[in-house]
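Take a look at these structures.
Shared chain: chain A. Partners: chain B in the first complex, chain C in the second.
Now for the complex of A and B:
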């Protein structure tokens, strides 16, 4: 039941009101001024977990970066059969005339040198793969979460449909080898959004756009071959029909998130291997594959953080004073999704490195003479039975250390950022 | 007659949820004149907030949808504006203050920063001008030592001060309509009275119209010129404060007034509450939505929803088939 207060009681109350300055002084004295990020940093450096993580990560990054820029190494010429599989040697002797603190591998290469240089590739994989999944997943999650409960403006709708048209156009354009189709499909998307009231009947609009899509998809491909034209024409028709439906915010979110669910349903390593098999081997391909596989993790994380912020009353208040969507996203939503993203990115680098090592081990990552920890393991595990433990242990320990470092740091960050903002 | 400041015509709003379609606002029409204070009362969930938010298209779309209606502000339909034009109205001409001052300010920014943001959306001011104006606004709403408090974070403000800051933000562009959605519900009674006074003063000084949404008939009696009583997404009675209190014609309003404690009654008199619950907005009954709780039910009540009829000589509207009988009973 509502609480009801008669006017006469209200009048009585006014006589006993606390003065504003009373409230102000008490308030100011009790609460201490502090900033969230300074606080979080303090918590981070005072936690043992985070200290350990920070130490390991910065040590490995530092050595790797220094080695990359100041310690020359050419993997293509590094070869010495006379030094094949020598155990760690600290004092040069007759058999091993140079120092090899980690020993040498099957081609007589110094493992220490290769571990230190391999760190660069490993870190790059981690960083680039996570950047791919962060940017794409973050963007999808942001759009899905934001427009799930905020009305899209006309311009935003046009942009979204142009983007979707272009994105969907990739497949037919790739099959027919007609890149211009991507632009045409993007334009079709824009048209769908701009002429939303052009044909009142929904089915009439679907038919019209499907027909135009069919022309775009099939027409250009006729130059290639009639078979291609049939395939891309059909694809184009489907794209046109999909665009004519003009995804609203909730439909877009639904479709995106279901697509993410599908990706997540595959075991991630298997999917990465499949993508590499499709793209071809190589370090860059491996980065892309690992990046794609973890897009859903970021998309879901960002969407759920955005959803929880969008429902806050201060977002409504910001809208009610006329702030635009861009400003709301950058000023109000961004700071709030930053901490879960920071944590996930840190943890994500660790798992991307592990995945890259797995690909390397399977021979799907770095191309041979390039040093990379996973590939080094893959190269050497066969010699374990003949007692060459050093060829496996050192790259293995390196992988373990860096993944451990990022995980400890991620956990520390989570603890440091988690105590929510005091409201 | 002069053009009203705001005229709402047959506004209908629904929410499309997994449990079905929630009919939150079901054909609301009324006018609001310049400088008028309109109270909107009704039980929780009767569509007060949704109807107010719909004026500036602030409801969540999706799942919400404005199915029909016009919201004419200075004769211009806000529901048909392009987003950029709508943004000029939001905060520039119509401002809103919300229920919970604890969450209407972003905890990550200083109060001053947020008021300056609101200012610079509509006005081209440089940093210093915006800061001066923000300090001015804060002291206008009664925050002492305003200039220094600009750099405080919301958690350093008390609830009442935050609500004052929200009002300062709302007033920053001198709107001609202020919509206050239960701005005092989350505050303790002393602070409530102060906020009511503040709005009253500002309304008088600036001549702005105010729409005050509340559960609290006491506040409305003190503040408003006219009252809309809402029930299940309908306006079921509307009129001047005097008419609503003295010539009540709708059984629901009678119930609300009956549940208002009076000082002239002997101490210890129990509140009379309306028995039963409001209807489910997903499956509204065919007739009047109040039938299940009404003591005056007749056959026509079960048949169809009564239209809003003028029952007095000055804008006193009632949606009840039996208002005449109730009027006789009261006389």
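Now for the complex of A and C:
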């Protein structure tokens, strides 16, 4: 008689003939509750590249956080002209009385210290920029992908059309200076969704709604001026006609993805550079710009992942037992698109850091004397011709290392979370 | 096919309109009065009104509802955005604030420099990236393969401005093999006709000019090509590995086709579609990267001009340059999509 374990009891009751090894196997499975994430973590730490990535990233995060909280540094008072552009010195001598393992920069500041402290800004940029693009892009992609493939419920359709009606109604309302039009067009949208079977598929429906739109837009505007009424009436007619068409989730998806296409039409960090150029320099503005610019990357990725998940049988099953859409999205779809999101987030932090460093290098990111790797590089590269290689090499190596770390980690995660996923 | 191309062309129109709105809205991002921001606090009254006139800053942003009230339909759309759009359609990108020269003409004049650098870099990236990817796929898990993969990962992680600075330090300052910046040494006599220096000098048999401009393009091209090269190599490898598992590759091997032929005739042909996408995408990113590379290497293209103009707050140039690069980007994506339909007859777009 083997020791009593949950597995052995189960087997005793159900089967008559079991071998010792069966029990061992099931025992293992029961005792070791293995989830996707535990499995993925095991695969992750067993891969050489992921190990390297994990090591680099955690090392840099650890030193940065420790330095930020325990190693005092005030960039505003850090200045010593007697130590201007000294090469790395490990042993203090008469000329350089202190140790500077990375040398000093044009203001005599210790580069090692600034590199270690600069990591904080760099990490902040990576995390905040990616959070912006992940939250906004992820949500848009999730909704777009879901409603593109699954029929909306009545209530959702009503909400969507009320929103769209109000949104489109904004234009005539603004022209005629009558905010009430927004409400009326929203109501018209609601009515279109509520009576979706009324005259369905006939041109009479379009004409009817267009006429109501014309009345809302033009009728009220007559109090302003007849000319205004002509324009808003025409607009109202168009809006009414648009609302009358039986539009569903694909409309939402279309609008979202076309908007994403416009942002994607700009090479990503050129747009970030332009935004910051007009907005004014600053690290915070840079973070927001980089975050906004990468929203489409996440939206597209999440949408396409959702589209493939929605086809699965378990979604059909969830629908057929009558689960609500919110529950399906968050309990069934979201967990299953989490792995591509995790991978993209990791890789996204790397590219956000690169973009922020580029902004800093061009003098559009962190405001001096704040230590930031890209800005440090931009500050010092003019001194290269006088031989001050150390002022340029070390911040650059730091940028490369942390980006490499996140890229290695992302690659490892990709293999660990989904062995089938490709580059 | 023709119908698909036309439909795809029509579908880009809203995107292009959206792009113009985004570029137009840049001016709205400026805190305070744009005219003052561009000219500085001590601008003369005359200059301020000139700039206001150029951007139509006295007009409403999108639509003029007051004009409409009076029945002035033309005034209704005689606003900043539509004035901007109207000028754009006539190829007028406005005038530079400080130098008062038309932006469009100068952009066109500088455009060949950027394109020459971009094409050259892409050429370098493809002729190295694609073969490396193929060899890595053919010898999967060999030392060569893992070296390439690690190398390409480092390439992707490299800040290109840092790489550029390092290249200058090594090859221009320490070894003094290559020039540190510019397109042509001042000692070389050469009058370009199309501003594509390499082609111009070759066609006029001006060998010294060709050699000199070739020497000038090497370093910026390496800096700019690093990322697309790495990405192309990775994409080629993974795409090849995918295709090599297909049945037709196994069949080809089974009937005794040599491995070389299998690789190039059967696998590469089918693996090429995703590679083309990546190359197209990378080309667009390359143009964006030009802002950094051109700045470091003093390359007189669009990127450097845009950068200088950011510092000088000469916003029409920044707007024009960004718009031009975005439009090229849209065009390239269009070409990639169309080439898909052409290259893969299985794809039907209806």
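Quick note on the criterion: the second predicted complex is superposed on the first by the 290 of 423 C-alpha atoms of A that agree within 3 Å, B and C clash if a C-alpha of one lies under 4 Å from a C-alpha of the other, contacts with A are read in each partner's own complex, and residues count from 1 in each chain.
Here is the rule we use: a residue touches a chain if its C-beta (ideal position, glycine included) is under 8 Å from a C-beta of that chain, and two chains touch if they have at least 3 such contacts.
For clarity, every value in this text was computed on a predicted model and none was experimentally measured.
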- Query: Touching A:224, do we find chain B (first), chain C (second), both, or neither?
  - Reply: second
- Task: Give one of first, second, both or neither to describe whether A:322 is in contact with chain B, with chain C, with both, or with none.
- Result: first
- Classify the contacts of A:313 with the two partner chains as first (chain B alone), second (chain C alone), both, or neither. first
- Would you sort A:345 into first (chain B), second (chain C), both or neither based on which partner it touches? neither
- Task: Applying the touch criterion given at the start, work out whether A:269 contacts chain B, chain C, both or neither, answering first, second, both or neither.
- Result: second
- Message: For A:258, using the defined touch cut-off, is the partner it touches chain B, chain C, both, or neither? Pick first, second, both or neither.
- Response: second
- Hey, what residues of chain A end up touching chain B and chain C alike? 422-423
- Query: If you look only at chain A, which of its residues touch chain B in the complex?
  - Reply: 1-10, 13-14, 16-18, 20-21, 23-24, 27-28, 31, 33, 36, 148-151, 153-155, 248-250, 312-314, 316-324, 327, 331-332, 335-336, 421-423
- The answer for chain C against chain A in the complex is residues 14-16, 18-19, 22-23, 26-27, 29-31, 63, 65, 68-73, 76, 150, 153-154, 156-159, 161-162, 165-166, 168-169, 173, 234-235, 238, 242, 284-285, 287-289, 291-292, 295-296, 307, 310-311, 315, 318, 322, 325-326, 329-330, 333
- Taking the complex as given, what residues does chain B use to touch chain A? 43-44, 53, 56-58, 60-63, 82-84, 87-92, 95-96, 98-100, 102-109, 117-118, 121-122, 142-145, 149, 152-158, 160-161, 166, 169-170, 172-173, 189-190, 192-194, 196-197, 215-219, 221-222, 259-263, 271, 273
- Task: Note which residues of chain A are touching chain C in the complex, please.
- Result: 49, 174-177, 224-228, 231, 258-259, 261-263, 265-271, 273-275, 277-280, 350, 354, 357-358, 361-364, 374, 377-378, 381, 384-385, 387, 389, 392-393, 396, 399-400, 403-404, 407-408, 411, 422-423
